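Here it is, the structure, as structure tokens.
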Amino acid sequence: MNKITILIHCKDRPNIIASVTNFIAKNGGNIVYIDQHVDREQDIFFMRLESEFTSEVFSTESFKLAFKSDLADTFEMKWRVYSSEKKPKMALFISKYDHCLYDLLGRYNSGELNLEIPFIISNHKDLKPIADNFKIPFFHIPVTKDTKQQAEDEQLELLQKHNIDFIVLARYMQIVSSKLIDKYPNKIINIHHSFLPAFVGAKPYHSAYKRGVKIIGATSHYVTEELDAGPIIEQDVTRVTHAHAISDLITKGRDLEKIVLANAVKLHANRKVMVFNNKTVIFS
Amino acid sequence: MNKITILIHCKDRPNIIASVTNFIAKNGGNIVYIDQHVDREQDIFFMRLESEFTSEVFSTESFKLAFKSDLADTFEMKWRVYSSEKKPKMALFISKYDHCLYDLLGRYNSGELNLEIPFIISNHKDLKPIADNFKIPFFHIPVTKDTKQQAEDEQLELLQKHNIDFIVLARYMQIVSSKLIDKYPNKIINIHHSFLPAFVGAKPYHSAYKRGVKIIGATSHYVTEELDAGPIIEQDVTRVTHAHAISDLITKGRDLEKIVLANAVKLHANRKVMVFNNKTVIFS
Amino acid sequence: MNKITILIHCKDRPNIIASVTNFIAKNGGNIVYIDQHVDREQDIFFMRLESEFTSEVFSTESFKLAFKSDLADTFEMKWRVYSSEKKPKMALFISKYDHCLYDLLGRYNSGELNLEIPFIISNHKDLKPIADNFKIPFFHIPVTKDTKQQAEDEQLELLQKHNIDFIVLARYMQIVSSKLIDKYPNKIINIHHSFLPAFVGAKPYHSAYKRGVKIIGATSHYVTEELDAGPIIEQDVTRVTHAHAISDLITKGRDLEKIVLANAVKLHANRKVMVFNNKTVIFS
Amino acid sequence: MNKITILIHCKDRPNIIASVTNFIAKNGGNIVYIDQHVDREQDIFFMRLESEFTSEVFSTESFKLAFKSDLADTFEMKWRVYSSEKKPKMALFISKYDHCLYDLLGRYNSGELNLEIPFIISNHKDLKPIADNFKIPFFHIPVTKDTKQQAEDEQLELLQKHNIDFIVLARYMQIVSSKLIDKYPNKIINIHHSFLPAFVGAKPYHSAYKRGVKIIGATSHYVTEELDAGPIIEQDVTRVTHAHAISDLITKGRDLEKIVLANAVKLHANRKVMVFNNKTVIFS
């Protein structure tokens, strides 16, 4: 049996849902999940479907061709079709902080993540032993002002060689260049240690302390050209008081960061995120 | 234009979604909302649709007949069809606490609630002035051990005379009898001042204090024969510490109670709740 | 019996706690509550005490004189002493939104607030009936560009005539002038409908919608010269999704606003807030 | 410099705070933290102090003797005095689940936990590689119905040989006997995967699913004779919906379990927890 996930968005107009469900039925599929959203401000329709096809002659490629000519062209849809047979490939970019790394690899090990991790890239060697323990290939690519260009070329080569689908910056601490962003649009997931849009940029816990906020947060978002301004995937917060020093905020924040990032990774890997106009639609 | 909301549940089987969407399209409707859920343990399919019909000859009654014969009978569906033209009628049962009453009437006044409140019933006269201020008819029906039977008959008469769709017990403090429950199955909404199933029954804040919990809650649920054991619609919680006395729990709890109850009322009034096997499916 | 609440802050140095507790004991007081905080960055010590004095000849004024000469001068303390006999007087400034007003007056009526409300000021007449229902004097002081100066003079006159201790802007929707802020430093409480410092200024729900945040918030803070930048007293947040329109954010936000504002009012009225360097210390 | 933490509880009566602070001052100490709580129902006074002693001849043992004779005997206090020089020793009991183990060891490694972990005990060998990676001695002590008595003797021997201060059951999955509980009263910390007192006993996620709750929780508590009924140290919750299967509750619950347990361990290790009458007082 083949299981197909379809993501669609297009200008809203009558009969899209009926047309799509009809198409699936005609092609021998049984819809096991459907959810849709209409952005009334932009007048855009979004849909996510999961369908099962039991026919032995079913081919994802033929299905895509038919979908395009019978449906997508008519409604001028942007669309993606994924087969459940192929797990997405995720590259992990890390630096010196280990909490998100331990958390993601622990989940990966326990089978919680529906993805593959072909390798880890870091600009420092410090966390190599953790990668080794979990038996994930580790590439040390140092980044200095002078070697940044060359380092990115190395990164790109690895990403392409391994057919990486998306990149996770698990507290990578480096600003990613336009070249990488252009190759992986809405496919680079960052974790920022504040409740965006508050405290964009460096040292958000220091800024939160200075402002005297009573709640701190963490935000996972897709990386875009503008710093910390990409589409938000997931956020969470926790209470703090005047009694918490900056070091306490950092410690409490680590617990937010790892869980918010893990949730964003799961949403992306399960193809539950659509992006439009710098915002996300998150399907259930 | 007519807007119709359809709620369906039946045994899960292939092609339900396509059949329903096809039926709507054939009858000239445009689906503007669709969401579905499959309970894999029970093998039950649930769906909620909103459709718009622009034909001038559209009749909700004819639609229901066609839906039944073409679709519901085939799939052995339990189903309900609501027209957006008819707002549900809610009866408020209260006693001496005013926080849920103020909160609900404030929302009602501001247009936040998509419903009508034909009257308020109370077993005490204390809150009549509030009802008067909001210009809602108020019926004082005292309940004593001896008059309970007669009081319920009076209540039922009022409910039926005004074609009440559902009842909200806004801290009513009386146990409702089987007779009322049978007439309004999954249509009587209660607010219980604990995080059910913890602290069933009377004085839950006292029990929470005694147990030393660090979080208290409130639960809104449909009333069934078994006390505080009906299908849960909505819950929320808040943190407490050792420093909170019972009176503090009661004060903090009031804020939970009023918001949890209001959310449950809105979900019910907007036909977003389905009940199966003593559990709810809550559509978005 | 007299109950005295003392708030102190000064440069941190050894033996402050022992000196203060000793002073209370020597003067016949029994300490029933003590809490302290040291801001290690600024090297500032904060303390809050509640003491009971049973002597029949106890006088708050004499106590203050002794406290000043024996203790406050030595440690160069900033300090305030409150007698529990005198409830703080709060002036409510409102405009057209009623949710915070209903909420505060409901709590006031039920005895939850340890304060007096001598009057309500509004720049519109719309909510006068609510003030009437709760039997609170209502003054309509319209504010236009031309009359702003004169309106503030009227406000000030009322505030001073009634010996108002603090002001609550319950969605007042007007920017308060420096003159008022200078007369009531850290005594004007505002509710801002965002999770500050995100979305400062007008229409924060619109900005939150545009940015696509997954959590919205409300912040209660003291009013200072800089807009929405004063010391934060209390914040809370709630989850939202892509499916929430701006109107949904506004509705959900109202529930945050009223509870956050009420909590800030209670903290202030119970003398649990100290301000230093544009941040608050909130005692338990 | 010596830093001493004192925990006290006794019947409430006048002048305790002044007497204690005076005693500290007389003995050359400077109080850097003080917090107190009075349980008005039980009429019990609780206090936590941190004091610094700079004298070179200061001795913790002499201080204890003086404290006892000058203060504790007079007020009939229960009291404990800890020197900051001595980190508490924690034994980890585990079984087959690794999420709490990874989480605690990751924090331990990063210096977040103010304690020592002399060894890990498990009734299964599965997680030994993790202990090895973190270089913590691992003892495999299988437990069967027949060997339970003997296994506990082995455990006790290890605990006493290493002067263990407290035990953490990180999803240990075995019921601990009275013998162990008696030796370590309020010193065995368990993590239960429900919002206690809801869903006591085995398979709480299954029970939560069956009841249809909208929020699940985790609870860390001290182990007492009665199952899952000991004093609660920390709780947290997260939202779930009808769409979550039992396996989803288990996955989401793991994130709660690890963070709630870590918080409880930190509170205990930092001597911030007092127990009275099966409830905890948690100091800030």
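The chains carry the letters A, B, C and D, assigned in the order they are written, with residues numbered from 1 in each.
Definition applied: contacts are C-beta pairs under 8 Å (C-beta built on N, C-alpha and C of every residue); 3 or more make two chains touch, one makes a residue touch a chain.
All values reported here derive from a predicted model rather than from experimental measurement.
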Chain pair, B-C or B-D, that carries the greater number of C-beta contacts: B-D
Proportion of interface numbers common to subunit C and subunit D (over half same, under half different): same
Turn needed to bring subunit A onto subunit D - CA fit, degrees, nearest 5: 180
Averaged-CA centre spacing for the pair subunit C and subunit B, given as whole angstrom: 37
Distance between the centres, which are taken as Cα means, of subunit D and subunit B, whole angstrom: 42
Shared interface positions of subunit B, touching two or more other chains: 241, 243, 284
Subunit A residues within the subunit B interface of the complex: 14-15, 17-18, 21-22, 24-25, 30-36, 38, 239, 284
Interfacial residue positions of subunit D with respect to subunit A in the complex: 98-99, 102-103, 106, 109-110, 112, 133, 241, 243, 251, 255, 259, 262, 284
Contact set on subunit A toward subunit C in their complex: 37, 39-41, 195-199, 211-215, 217, 231-237, 241-243, 245, 278-282
